[in-house]
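Questions regarding the structure given below will be posed in turn.
Order of writing sets the labels: A, B, C and D. Residues in every chain begin at 1.
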Amino acid sequence: MEEIKINMIERPELKKTILIEGLPGIGLVGKLAGDHLKDELKAVKFAELTSTYLPPQVSIQDDGTVKLVNMEMYYWKGKENDIILLLGDFQGLTPESQYYIADRILDFGKDYDLRRLYTLGGLGTGAITHTPRVFGAATSKNLVSELEEYGIVFKGGGAIFGASGLLLGLSIPRKIEAVCLMGETHGQIIDAKSAEAVLQILTKILGVEVNMNELKKKARQTEDQINKMSQMIDTHRKSVERQQELLDENPFYIR
Amino acid sequence: MEEIKINMIERPELKKTILIEGLPGIGLVGKLAGDHLKDELKAVKFAELTSTYLPPQVSIQDDGTVKLVNMEMYYWKGKENDIILLLGDFQGLTPESQYYIADRILDFGKDYDLRRLYTLGGLGTGAITHTPRVFGAATSKNLVSELEEYGIVFKGGGAIFGASGLLLGLSIPRKIEAVCLMGETHGQIIDAKSAEAVLQILTKILGVEVNMNELKKKARQTEDQINKMSQMIDTHRKSVERQQELLDENPFYIR
Amino acid sequence: MEEIKINMIERPELKKTILIEGLPGIGLVGKLAGDHLKDELKAVKFAELTSTYLPPQVSIQDDGTVKLVNMEMYYWKGKENDIILLLGDFQGLTPESQYYIADRILDFGKDYDLRRLYTLGGLGTGAITHTPRVFGAATSKNLVSELEEYGIVFKGGGAIFGASGLLLGLSIPRKIEAVCLMGETHGQIIDAKSAEAVLQILTKILGVEVNMNELKKKARQTEDQINKMSQMIDTHRKSVERQQELLDENPFYIR
Amino acid sequence: MEEIKINMIERPELKKTILIEGLPGIGLVGKLAGDHLKDELKAVKFAELTSTYLPPQVSIQDDGTVKLVNMEMYYWKGKENDIILLLGDFQGLTPESQYYIADRILDFGKDYDLRRLYTLGGLGTGAITHTPRVFGAATSKNLVSELEEYGIVFKGGGAIFGASGLLLGLSIPRKIEAVCLMGETHGQIIDAKSAEAVLQILTKILGVEVNMNELKKKARQTEDQINKMSQMIDTHRKSVERQQELLDENPFYIR
């Protein structure tokens, strides 16, 4: 059984492609932004990635049928650039699998004239803000200069974990330009407002127009669900902390 | 050493075979139902699966001899359909091994004219019920329609973990029809009553008659043992929760 | 890098060999018994097993030099049977590695006319006993009958974890006779008395004479060290419990 | 994707090379000493090791660009011996990966006429000392004798975990001389003073002169940062304890 398998639904021809990653993470910022962009662009699903590195489970859909856990790739044809969106409900369960999946995604991109990557996420500050900033990190100084013009804040320090980080790190030896956009967020709530901030800047960069109404609605719906989901959020927070601890601790594994 | 090894005891010829999975899970519902069906049908053991993914232990049997931890396959020849039962005391210890084992079981089924899969489990509600319903999830809408006629409740939401879920998820690309039947159960007790409810519906679907007396007795015996086993049950519950947490948390591993 | 590597120091010719495993476990019973037998027989080290599955560490020896963590094989030439002793300070760290190491040991035995295996351990009862019994489990009923004559108690129920269990379980398909001898022990103390009980019976079976004085001394020395080691013992106990929990829980991983 | 990849920046010709490992560990002693030596010698980075065994993350640098987690190799050309420094912010996350990485480093050394290894670390005593001693462990008695002359304390007992230990253990079969120098340290603080003690002796052995002013400053800077980092240190301490427990416990995994 292959550890990572990509099933092609359609084989589109894409040019000057920009890959945008919106997998779950802090505040679900990246996932909310990515899913909304997919909905508004009416992007088309063309590939599914399943993996033994994802949780061993199926989700039950509204019609009673099941879906194996996966990541999904959508495409959208633009004027200057075509877009691939990488979306999903999960990331790889183990540190090693994070590398394998990110590497596989970049291999996948080779067939689609990949020019640039944007990975979307949240930057947890522990504070509530009403006008979330968007922080950035990039694979080159040129990219930093280019993107600072959009009001993205670049500052040193900290780390980016998982797909949002590795897709950048593994792009460097492949000489692919890649940027991580991180919406300022509390860290313990699902933050559609932060996702909107990220999307406002991303769409300006991409030169596409996206109606934010649904995202605003989602934000409200989400808040209604927050009570129900509060336990999940707490679990989420602890998980992030624990993972962070794991990473912080292990360097000191030794004397 | 092979990670998964299937040792054939007998090589029966089976036709239009239905595979039924009854491995341990919530409330032990699937295992109780599967084991009882095996006993009543006097199904014949014909294969054993051992694996480095199962716990590294032997159990001590009543005669003082040991048995390596395994999964066992039994067959029963019916009028219209032959049946394979997949039973055991354990599932794969790691997420990845769950995939490998489920995949291997489906490969195994290829040699036996496999037509359909039923995976059996419990749906934990946290509430005590005296008339447990049977919930379902299936690989196609046709199956959902067909099985709703038996009073199985199909509704969206939630997930199915481990073999009961993956055997469905991995059946989809193989174009095998597969259904999970889940008995409504508290989640923290070993629930033979829920197993009986699952079996009542399953035997109706299969067109076989099975005496439930022994299962009822088992339920009583089991309850006698509950005090002794309460610690184990608690452990079980925590494990399920922890595993669920693990799965819930890991998607958010990242920002 | 090989996951398991056996380095030969000497290549003895052995006949009708009996392999005795004395790796650490509950009460350190098996290790105490095995180490003492090695000392008294003046058995000769002839092979070392190192593995990526063992802890990533070296121990510092009295002369200031280091030794990579390993398992060691010793031989002793007897009248009727030659003996191989498998000793060490650690077992494989992961469930899977337990399988790989046990399998490799049995492969290793092939070159030495292996006739029978004895694995040594403790059976934790949670109670202090002054006349510890020796419990057994074996790969065949014949063996059970043969060994009951020595006063070994065979009774069903329970499980044997790790090397002591897997060496039995993996011996069955290889048609090697194997027995586990378990000294009754509290479970939370290092129990040289229990080790002595095991060794009394084992030496009778083997037809060798072994002076127990040093083992008795060790028992006293050990007790002197118990204060110092109490934390370790507690850790040990928790580990055994946790491992047991892990094994107990995982079967229920799923619904 | 390769599990361990070494990217060559430059291919220096080195002779009679001494490899010095300064990866993070107890008190960060080894890392502080290694980094300072690199800075003072103005050693040149010539290779980077990236690995799926390292944390799945990138760090954000001061200019807003990212760097994939790695280990770095620096060289310095001396009169008698050339030096390679192995530095980094992390060690392998799993026990097995510790073996693979150490083995790969030793393979790497083959191309550089490797004559001796020094691994640097801390020895946690739980006590504050103002004149930290330097403890040693070596691969041969000759080395012990040679190094005792420098005031290094060799005494038996204890273990050396991770790269500092495995680089020694895996050097033995390769017949490479290797020594671990451990600065006496509390264990719960970042200890530049202990690093200085290690470096005083190491530079004497190497016959190089190194200005310690910057290290002393770092010690003060570090102490200023200690409040900020206290949580991290605590995490570090717990991690070391937990890892130690893991290693201590697992031997007793079994009965």
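Basically, a contact is a pair of C-beta atoms (placed from the backbone, for glycine too) under 8 Å apart; a residue touches a chain by one contact, two chains touch by 3 or more.
Bear in mind the structure is a predicted one, so any value in this text is a computation, not a measurement.
Enquirer: Based on CA centres, what chain would you say lies at the far end from chain D?
Expert: Chain B.
Enquirer: Suppose each chain is reduced to the average of its Cα coordinates; what separation in Å results between chain A and chain B?
Expert: Using C-alpha averages as centres, the distance is 35 Å.
Enquirer: Averaged over CA atoms, how far is the centre of chain A from the centre of chain C? Could you give it in whole Å?
Expert: Centre separation, chain A to chain C: 50 Å.
Enquirer: If I count partner chains per residue in chain A, which residues reach a count of at least 2?
Expert: 98, 160-162, 165 - these are the residues of chain A that touch more than one other chain.
Enquirer: For this structure, give each pair of chains that are touching.
Expert: A-B, A-D, B-C, C-D
Enquirer: State the interface residues of chain D toward chain C in the complex, per the touch definition above.
Expert: 95-96, 98-100, 102-104, 136-141, 144, 154-162, 165-166, 168-170, 172-173, 180, 245-255
Enquirer: Can you tell me which positions in chain C touch chain D when the two form their complex?
Expert: Against chain D, the touching part of chain C is residues 1, 3, 7, 23-30, 52-69, 89-93, 98, 121-124, 160-165, 182, 232, 235-236, 238-240, 242-243.
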